[in-house]
Amino acid sequence: MDGVLVSRSGLDDLISDLTQRGYEVLGPTRVDGAIVYDRIGSTADLPVGWGDEQGPGGYRLVDRGDEGLFGYTVGPMSWKRFLFPPRQDLFTVSRSNGTLTFNQAEITAPERAFFGVRACELAAIGIQDRVFLESGFVDPGYAERRRSALVVVVECGTAGGTCFCASMGTGPGCSGGFDLAITELPGDPIDYLVRSGSPAGAALLEGLGGRPAGDADFERARRVVEQAAASMGRSLEVEGIRDLLVDGPEHPRWSEVAERCLACGNCTLACPTCFCSTTVDRVSLDGDAVRSRRWDSCFGLDFSGLHGHSVRATVKSRYRQWMTHKLATWHDQFGSSGCVGCGRCITWCPVGIDITQEVRAIREEAVR
Amino acid sequence: MTGKPKLAVWKFASCDGCQLTLLDCEDELLAIAGAVEIANFPEASSAEIAGPYDVSLVEGSITTEHDAARILTVREQSRFLVTIGACATAGGVQALRNWADVDEFISIVYAEPEFISTLATSTPIAAHVPVDFELSGCPISKVQLVEVIEAFLQRRKPDIPTYSVCVDCKLRGTPCVMVRGGVPCLGPITRTGCGAICPAYDRGCYGCFGPAESAKVQELMKAWEGLGVSDSDIVRALRTFNAAAEPFQEVSDSYAR
Amino acid sequence: MTQTIAPEQSWAPMLPHPYRVVGTVVETQDTVTLLFESLSDHQLRFRPGQFTMLYVYGVGEVPISIAGNPHLGGQLVHTVRAVGAVTRAICGLRPGDVVGIRGPFGTGWPIDQVAGRDLLIVAGGIGLAPLRPAVIEALTQRESIRQLSLLYGARTPNDLLYKDDLIGWKASPSIDFEVTVDRAHSDWWGDVGLVTNLLPRVRFQPDRTTAFVCGPEVMMRVVARALRTAGVHEDRVFVSLERNMKCGIGMCGHCQYGSDLLCRTGPVAPYSAVADRLKVDEL
Amino acid sequence: MHDERTFDVPYLARVEGEGALYVKLEGDRVVDLSFRIFEPPRFFEAMLRGRLHSEAPDITARICGICPVAYQLSSCNAMEQALAIELPRELQQLRRLLYCGEWIESHALHVYFLHAPDFLGYPSGIAMAEDFPERVQTGLRMKKIGNHLMTVLGGREIHPINVRVGGFYRVPRRSELDALIPDLEWGLEAALDTVSWVAGFPFQDFERDYEFVAMQHPDEYAMHEGRIVSNRGLDIAVEQWPAVFEEEHVQRSNALHARIRERGSYHLGPMARYSLNSERLTPTARRAADQAGLGPICRNPFRSIVVRAVETVFAFEEALRLIDGYRRPAEPAVLVDPGPGEGHGASEAPRGLLYHHYVLGADGVIESARIVPPTSQNQLSIEEDLRTFIPTHSHLDDDRLQWELEQAIRNYDPCISCATHFLDLTVDRD
């Protein structure tokens, strides 16, 4: 694989190159005490020198006192927001001359560069690709937006307190599926190894100054990633997990976790792979009918509603549905795990319920 | 007379904010007025058309003998009765009297207590008559009000979710204030509808839409304790605009003990 | 990633096609059968047991099984019971009204696997709707099937669907048809009691039998158990399951039933595959 | 015409809340008159006891859904005095901007929906829309802009969530405010047009020599900062309110009546503010007032609709000025160190001066609260207007007289939700 070594200004050049090529460049920014993805114009818009501390139900930004551009892990937002927006119109219907005319809602798919996609997030995009593109039907909006997205990965140099991508086999390094991949190589000055993973990436790489990367540079990058792999805040044993969960619907742990779980739905909405949605039909008092869809959560009571009742009336059944789907039945439905080990569901659960801990508890008591 | 459905707006003990919400639907107001006949809405019109009414929007809680009788006649005249707001749906802020001695309350506010006639409690409309649909919120949301009226006219199920504020917080993309700032937030147990505004303005949700479906009040309060919130502050937080809603009341009572 | 994806761009699986109501039959107090004709070049070719997503202007969209003859092109038949807003709106449609239809979706009854076997069809209530195309199909392939039976249970005689069909089937030598109700007046000619009580009435050789069962979940469980006791292999008993559905194409997540997304790998499934799941509450 | 007449309006329409009017006439002599407020009492002062100082803005907002910002700002002012907090200028100006939103919304509602129909002979703004669709659309759009301003600053228009003792929870970015400018500029034009429209209405020839009471600020048209002054020499700091004013509880009403000790009734609201502060209006508003022929003082309550329209011009113009000068404060709020204290706070609700008083115990817990809303202060003045008005208009037939009387009440834009709430008129002529 080709690669070049650049300094921070090289990344600035990359961002302006992307902008000049007509991409809206989105990347990590620091807003209201968290790192969220937003438009960036240069590396100065990145959370320079910031890191994060994450634990179950807790997230704090910390000043690292360095000049690193990528010294944090994933925040509350994921790229799903841009590929599968929270609210979308599906179609409009007009009624005239005694018939209905259905019109596909306009799809907005601006050319976007996702700058700073982590390995787990790239894997999550891959999982949603299977849901929306590769399982028989194609979601046209998702397809358009996916096609218009250029992916610039950043490999992780430190893992967060709730990360377990190493367990899920999705990170912290990246070997493909991106247009460009960046690894931040600590030192004075900090170097950035930029590799390309697609023709589009190669074209961008060509325009980038810097010097061609040599074996030693790739070795440095490998060590950075290795270090991140060694610092995972969490781990999850995946061996045999499908059967463990599918065969254990009456495990006492489900009732136990249901006591603590608020059924608030945060975990599902923060998760980069959760794809559930509901539809809403509306006719304005003076206009056409519209059908739209918006994110939904299996923690809602209505989610499993059949006329007159809900199948999953208890929180126990909803938590079980969520975790079993994520880690077990996802394999049956889409041929992979539904979890990439990003840790968002752990960090952003207001009461700090930890999926890795729950799996461990189910395993231990199953053994006993 | 037109064949349009007749709409009436009724007021009981309240601040008028929920019925003002109807006038605040600036973009939809004239369309609504075109689709229904606004037959009785004293705040906006001195014209009054006799009942029965197809839809009644009822604001406010029952706090006097007179109102307890009046709501019965409202119900009789209404085909579809929608309560609007925390007062009508849960008793409102004035339900704080339910924990106090009303005579003492009267003497605090009025110099001549014998002039005031009032009930000892503030109760929601559903405690007096059957209610067909409840819109929560202090105040209700404009979007939800329009949705209920439209859905009624189109005979469809209104899109009024009963899950938590957190869902809309995430849809909106607000980083959770509780997780990122340790700010106590009632969002996880509060019904969505406001659009998750408080966290977007960097404060915890204060529960003005009342309890969500499956609200795990006790469990959230345990997490609040972990953030260092005192028992008395927990009681205050649960006793505001939906204090008498059962899931809130039960837990505030347990902390007050 | 531009390179890896090349979907048919124009294909919009969420976009309904206009269909016009051309006839209605009031089946019972709350159930109506409707006939639709396509107003576009969209034509529905379906297998018995599949369903469509039926959209009523401004009210909503719901999954409804196709209840017509799979060999009759041109007309789409649905039988709908009014239970909520959308189904009520469907039942209130008049000839000339236009709706939106997408589909067909889902797996069907494995009618192509019954040649040389006994076919036992068991329906409860509205569950006869998705089975009707299977009955019709079985009758057209009658020679290849050994014994063909239909057992049908409803709440009361007034709740029976397709009364003309029932009379025809009762009279037909090609199919053994038995019917029972939960409650009845004295002028009722059929049985009273559970549909499982009818099993001994019809002939089938358990080891050569395939069964299609559709009705409320409890009913399907009871029938499947009775069939197992009778010696029918669970692999050969097929049931049709029901979950909330919002998209019909495996993208909304609502119809999950353990490992299945019922709109894609269901609603029809062999009992053996779901027996364990049917034992779990709230799955 | 009969000698004795009774007018009984058991439920006054197009006012906020529930009130009634009963009038008994003998010839042109008023033998009995009562403007009654029967909005059920809600006991806010009592409910506030034992709550934290920080809860007052959100709780008192619920007294009135029509002017929640007034309650929030008066309570903040009182709490900040009790806790000896000074707000930096930028935060005060941001509060003023929020208040502009409420003035615009409330005034547009009153002018277009509650009051104009009286002059043009319609039962409601909605009915008026059939003949004057563009006018009403204009009113709606102005109202919407006011609401939008409140939503951006306060989170929502009714019971905003962003006001706290010490400032705000979050202060807007410049870009969020800049986005409002085009609408506000449109609104300013529309408000000017509104002034000329309402100035042409047919007004009753009626004046009274009121004691006008309003806040006054040396440099600005006062909204939530300044002293309390009157045209009869009153000039006090807000904390002197209890020394000068008193409240009386009358049997017929669930609201308390206020009066100036030893002097009696006074008049609050747009007309009072205008008459005391007209030279401090923004230039365009000042010009609009001149063109409408208002002069520096207005004593005809029927013309209050013109004053409201002028104040709407002012609020748009002021909002634009405030946005122009906006610099995002470094901190959204001043740190509050809760403790014991006593504070008085006032601000100019769209309907007039709203006064709050609190005594705080240890940890800033409220020990006592007193809230005096504008409508209860105006009650005496309303009754006196009616008493003065009737004898010269008793020749009118019952329907007409009742219409005029109701209009005379609506001149005050009475907010009975505040005064506790509803208007319902009984005129008895025997």
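Note that the chains are named A, B, C and D in the order they appear, and that numbering of residues resets to 1 at the start of each chain.
The definition used in the following text is that a contact is a pair of C-beta atoms (placed from the backbone, for glycine too) under 8 Å apart; a residue touches a chain by one contact, two chains touch by 3 or more.
Note that the coordinates shown come from a computational prediction; the quantities given were computed from them, not determined experimentally.
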{"item": "Neighbouring chains shared between chain A and chain D, ordered by label", "value": "B"}
{"item": "Selected pair, greater C-beta contact count between B-D and A-B", "value": "B-D"}
{"item": "Furthest chain, CA centroid comparison against chain A", "value": "D"}
{"item": "Rounded Å distance, chain A centre to chain B centre (Cα mean)", "value": "37"}
{"item": "Between chain D and chain B, distance of the C-alpha-averaged centres to the nearest whole Å", "value": "25"}
{"item": "Approximate Å spacing (C-alpha centroids) for the pair chain B, chain C", "value": "43"}
{"item": "Computed distance of Cα centres, chain C from chain A, in Å", "value": "39"}
{"item": "Junction residues of chain C - those touching two or more other chains", "value": "58-60, 84"}
{"item": "Touching two or more other chains - residue numbers and ranges from chain B", "value": "154, 156, 202"}
{"item": "Contacts with 2+ other chains: residues of chain A", "value": "281-283"}
{"item": "All pairs of touching chains, each written as two labels joined by a dash", "value": "A-B, A-C, B-C, B-D"}
{"item": "Residues of chain B defined as touching chain A within the complex", "value": "28, 31-32, 34-35, 147, 150, 153-154, 156, 159, 161-164, 166-167, 170-176, 178-182, 185, 187-189, 202, 213-214, 216, 219-220, 222-223"}
{"item": "Residues on chain C engaged by chain B in the complex (per definition of touch)", "value": "58-60, 84-86, 88-89"}
{"item": "Chain B residues within the chain D interface of the complex", "value": "11-21, 23-24, 26-27, 29-30, 33, 38, 41-48, 63-64, 67, 92-94, 96-97, 100, 102, 104-106, 108-112, 115-116, 118, 138-139, 194, 197-198, 200-203, 206, 208, 233, 236, 240-241"}
{"item": "Touching residues (chain side chain B, partner chain C) in the complex", "value": "154-157"}
{"item": "Residue ranges of chain A touching chain B (in the complex, touch as defined)", "value": "31-34, 36, 57-61, 75-77, 81, 86-87, 259-266, 269-270, 280-286, 294-295, 297, 299-302, 315, 347-352"}
